[in-house]
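Written below as structure tokens is the structure these notes are about.
When the chains are written out, they are named A, B and C in that same order, and each has its own residue count from 1.
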Amino acid sequence: MSRIVLKDIDKFYGSNHVLKNLNLTIEDGEFMTLLGPSGCGKTTTLRVVSGLERPQNGFLYMDDELMVNAKELFFAPPSKRGLNLVFQSYALWPHMTVFNNVAFGLTIKHVPKDEIKKKVESALERMQILEFKARYPSELSGGQQQRVAIARAIVSEPKVLLLDEPLSNLDAKLRIDMRSELKRLHQELGTTVIYVTHDQVEALTMSTKVAVFFEGNLVQVDTPMNVYQNPADLRVADFIGNPSINFVDATAQLNGDTLEVSSELGTFKYDRADFTENEFPQSGKFDCVLGVRPEQVKLSIKEVEGASGAIVYACQPAGSETLVQVNIGETKLLIKQVGVKNYSTNQQLYATVLENMVTVYSKETGKLLKFSHEE
Amino acid sequence: MRENQTQPDLYQEEFSMARKIKNAFRNAFTNPYNLIVIVAIVALTYLIVVPLIEMITVTFQATQQDLRRIPGAQVGDFTLFYWNRLLFSDVSSSLLYKPLMNSLGIAICVSVLSIAIGSATAWLMVRSDMPGKKFFSLAIIIPYMLPSWCKSMAWLTVFKTERIGGSPGFLSALGVQVPEWLAYGPLPIILVLTLHYYAYAYLLVSASLSSINSELEEMGEIAGANKLQILRRITLPLVLPAILSSFILTFSKSIGTFGVPAFLGMKANFFTISTRMYSSIRQQQTTTGYAIATILILISSLNVYINQRAIGARKSYATIGGKGGRSTLISLGKWRVLIVVLLVLFIFVGVMGPLIILTVDTFMLKPGVYSLDNFSLHYWSGAGNPDIYEGEPGVFANSRFWQIAGNTLKLVLITSIVATVCGQIIGYIASRGRGKFSGKLVEQMVFIPYLIPSIAFGAIYLSMFSKPQLLIPSLYGTFTLMVLVSVVKHLPFSSRSGTSNMMQIGIELEEAGSIEGASFLQRFGRIVLPLSKNGFISGLMLIFISIMKELDLIILIVTPSMNTLPYMAFTYSNSNMAPYSNVVAVIMFVIVLFFYWLTNKVSKTDISKSLGG
Amino acid sequence: MKKLFSIMLAIALMLSLVACSAPAADPTPPADPTAPAVVDPATPTEPEAPVVTDWATENRIDDGSQTVEELYELAKEEGALAVYSISSRMGKVAESFMAQYPGIVVETYDISSNELREKVTREYEAGIRNADVIHLKDTDGGVYIEMVQSGMLHSYRPDDIVATIENKDALKYGMPLYIELNQWFYNAEAYPDGPPFTSWWELTKPEWKGKIIMQNVLDNINYMASFTAAFADADAWAADYEKVFGEPIVLSEGSETAVHEFFKRFLANEPIFESSSDAVTEAVGTPGQTNPPVGYAASSKLRKNESEGWVLAPINVTPDTGIPGYNNLYLLNECAHPNAAKLFVRWICGEADGTSPGFDPFNTLGGWPIRSNVTPAEGSTPLSELNVNDFDPQYIYDHLLDFNDFWLTIQ
């Protein structure tokens, strides 16, 4: 069991407050992705967990064991935390061979030689780089170096594996390969993984949970699908999803258990069952924002019932899908359609919004008011 | 491991001050960074700040010898006698103001000349289509590699007159009437120093020039400017910072230099501030010497301060880098041949020629007679002959030479290793402590010896360590003192190379080690050290050479039984035994060139990195 | 850079602190701030007696009665000896000494006068006792006043040798070995008719411009001492001027005495400063020159006529040749080998009968033995025939730095 609990963590660099009262629990065996734009505190969180950074406030527990008590200036050294880390730069020691890089930690722990050999070779085997064991890092490609770095991290069989943007230095194709590789590795080893990335696709495809950070605040912790479908606020909604979500200004009014939302896309009604716990005005009109994912709008050439008229602004076919930018009244919408579509500019189309899947945010607080709901 | 974890699920922690204090102590003392910083700060304070203060304090205290002139004073009493005498008395003029004016005059002339020559050669090498660049790129820097005092001796070998120094120089021997002012005094000092220091301007300006994209110049050509206009209105302003840098660098180097004015000035009664300080200390007017040293340090500091204000940052002694753009060479046209001839002449007449003559002279039994009959190895390996220089044996046959040579090598070896190791450690602090107060403090402290001219630095150490100090016995005349002074004086240099070396080792490489459970020493030994090996070796060799050449720094602290080859040459020259001092000089530059070659071979180090050393 | 500035500021602050914390300067003027430069040379001031240290008493430094046999026995136990000397000839003495007294290894160091004094003082203050015997010339009184009186150096005077020294004045400040002078030399080949000049004043004449060669006074404390002594005889110098130029001297502005005036005019003739007596005498004495300079150098260089084939000849100048340079022998306080040192002093002085080879290297032209039972080198002019000035260490010591400053201002 290796549950990680971060409690009331504060981290400052000088006067720069980079982690603001962070509380996060990572369950055993979870693949937790820390996601956010650069400078949001996700890497700092990882380094606090690893022991390379010392927070000014808060506690850290691993397996219920106290690792950090900032108030008492107690910080367990990294090596006592049963974890390992893959750096963004890989941090392979250029003066050691692949074998020695992987074996380093074991030699520090005075593991017998033959055992080291067995373990290292098995780790290299697992990462499919056994043949390179006598080479130096500079003689390897980026992808191979990445594998060495991972092999080095897993050879000590850590309870927690920390990965700091490990794929950011790879080209697009390799990145997709490594994603599935890492996901498989997580399932095979069963260790807890904390994974830092700014790439939401990585977060959504690999993790069991995603923690979204903005400006030092932890904004949302949820499963990838939930983060995608029900981003906790406008910032998260905007950050997650590619192409990004459409925001449509609307006005809303609560009538008993029904929320009525009006916009250029039409008027939608939602039941209290879909409401979030966030407070919103109980009566009267208020401004809100609709979150409409590009795939949540259907387009048709012929007029259908309940559809709004949409004028094509630009059409970008990309083989498997086509992105269509349309104007509905003053509202601009980006719509994703499967397959190749060839609309001409200014063509008249008809758009149907899957209204239940639309999320509603308070304009004032930016918080989610209404969950997305499958049709 | 905490055992009083009673309610693990709630994660409630009782705050305990006792535990906090215990942890605070443990953190402070188990963090090797803190330990190194503390040791470094204490050591630097003791080796740099305290000696400086000590020397200045001494200038306010009466000495035994001067009791006869300070009525009623006891030894150690506070007195303004020395400063009064130096600044406001009848002797101030010859003690301070005249030598100071000489120094300033020399420094200005040397700077201007060096920049003219250095910039011109830099432009030719970088910008023009001059042939033979490969040859020139080495030939131009050779003068800088040789100790400046060796060059003064070469100068004397050529221009010495019978008037001063007994035996005639090369030209006198050929029957050429050499005027006195060409052999001794300000002119030869300026010329020899220029030959030494133009390399600074050359290196800085050529680095700056090669960072200029020649499209900038081509744009000027399209706009209709001619070559001279382009040079003056586009190129010159762009390299102006580099020129300014080299001006100030050359200025501060030449104002405090000792060797050249000592060889070429003292005999003609021409004093600079550094030679005046030397002779004061040698005449046992040590305190006056210290006061002069204080003024010299003030001037140097002021100079560096102005430099920092004018140019900012540390550009003054770092190569101004920049991305080299595309560069089109400018055709010299019909001037090509003439310029090459002039440059070859400059290098051969100015540098190689004197050295060759000096070497030839060491084989001439009777000085000034150039014939095969006169060829002899006497000064090299002959046994003593009572008829020649009081029976002084040839250098190789002289047991003193071997003892001093051994001493020199020992000193240079130990010092360069110690200085480099310290430099790496300070570099480690500076690079890992970036942004921390401690890192900055150490960096600044290490920089102080750079402000202090070598001879003044020697004076400081003489004053501090010739009597017992806290925990340290008197080091007067010991090997340790020579090591100490050389190490500390070279710290700015070695820690600069240490810092850049350490900066290249990403902190993540170390963090990866600490994640794996490696302790500080294990990380240092197995990761940092092996990775810094190359930088270490090249830094080591450059310091090795720099210390090898050193005369100014140790001149005040050597004793007859504890000295080095440069000092041996200096004393031979002073006791009018030119052939012997020439032999030692030849040996010196063979050694120095050999080590440059070796450094280049081993580490591919750019010679320009030895700037400031 | 701000840091730099703050460092300098810190230094400045520190300086002012030092200045403030120091005791206020004594307001009462000293009894005799600058003693007038005129002292009756006939009555040299009596020096204070040196401190006698416990070590000196224990080791019987004052006892000149020990015999050679007695000392040799004790010295053998010590087995070694270190000698700091201003003469390279000390090496030869060591050789003959070691041959005579096997079992005692002697190391000699040849160090120039200023350096030797600095080295001995610094070492002594540092608690280092490397040297045993020190051979120094005391011309400026500094050795006696700063080193002997304070008990740093001791004089060991063997009774039987002292008995052969008639000049008791020489014994006052140390154990004398021989006397040296600084003399003017000319090239005897170029001037076959004798010295080209006989008075210091002649050197101020235009014909000697650029033809005078010597070491810079500032670099040679012996010259400085000798020249300082001249100020006590200002009247004699004025009289000598009248003899040379046939008219009384007219002092120029700023010149207090005829001696001040002399040095001004002398320097106006642009003497060339060399770095050593060797260089001076080489320039003067090398044969075959058509227009050789005249030079001021140590009298001992006369011996080079023999070794180098030079043609030096000394000049007996008026008003005087300067002060006698007593080459004295000292024992370092608390030295490690006092008995070997005593034995060595005896040996170098020539033992009781003055015939031991220890003194031979010093018995050359230009050096004058002190003892009446030692014959000076062949061809030596008796010291009594030379115009040698008196040696008054206290006067010289008190006025040396004044002369130094005077020289600096006129140079």
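Keep in mind that, in the parts below, a contact is a pair of C-beta atoms (placed from the backbone, for glycine too) under 8 Å apart; a residue touches a chain by one contact, two chains touch by 3 or more.
Being a predicted model, the structure only gives us computed values, none of them experimental.
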item	value
Furthest chain, CA centroid comparison against chain C	A
Chain centroid nearest the full-protein CA centroid	B
For chain A paired with chain B, centre-to-centre distance based on mean C-alpha positions, whole Å	56
Between chain C and chain A, distance of the C-alpha-averaged centres to the nearest whole Å	91
Between chain C and chain B, distance of the C-alpha-averaged centres to the nearest whole Å	38
Footprint of chain B on chain C - complex, ascending	1, 3-5, 7-8, 11, 14-15, 18-19, 22-23, 25-26, 28-33, 88, 109-111, 114-115, 117-119, 122-123, 125-128, 142, 146, 213, 216, 218-219, 221, 272-276, 278-279, 282-283, 286, 293, 307-309, 397-398, 401-402, 404-405, 408-409, 411
Complex contacts: residues of chain B adjacent to chain A	1-2, 5, 8-9, 11, 13, 15-16, 19-20, 23-24, 27, 435, 506, 508-509, 511-518, 522, 526-527, 530-531
Contact footprint of chain B on chain A as seen in their complex	5, 7, 14, 50-52, 59, 61, 64-66, 69, 71-75, 77-79, 83-85, 87-89, 91-95, 104-105, 108-109, 152, 156
Chain B residues within the chain C interface of the complex	52-53, 56-57, 60, 64-66, 68-69, 71-73, 77-79, 85, 89-91, 93-95, 162-167, 266-269, 279, 282-285, 298, 301, 304-305, 308-309, 386-387, 390, 440, 444, 447-448, 451, 466-468, 473-474, 476-477, 559-561, 574-576
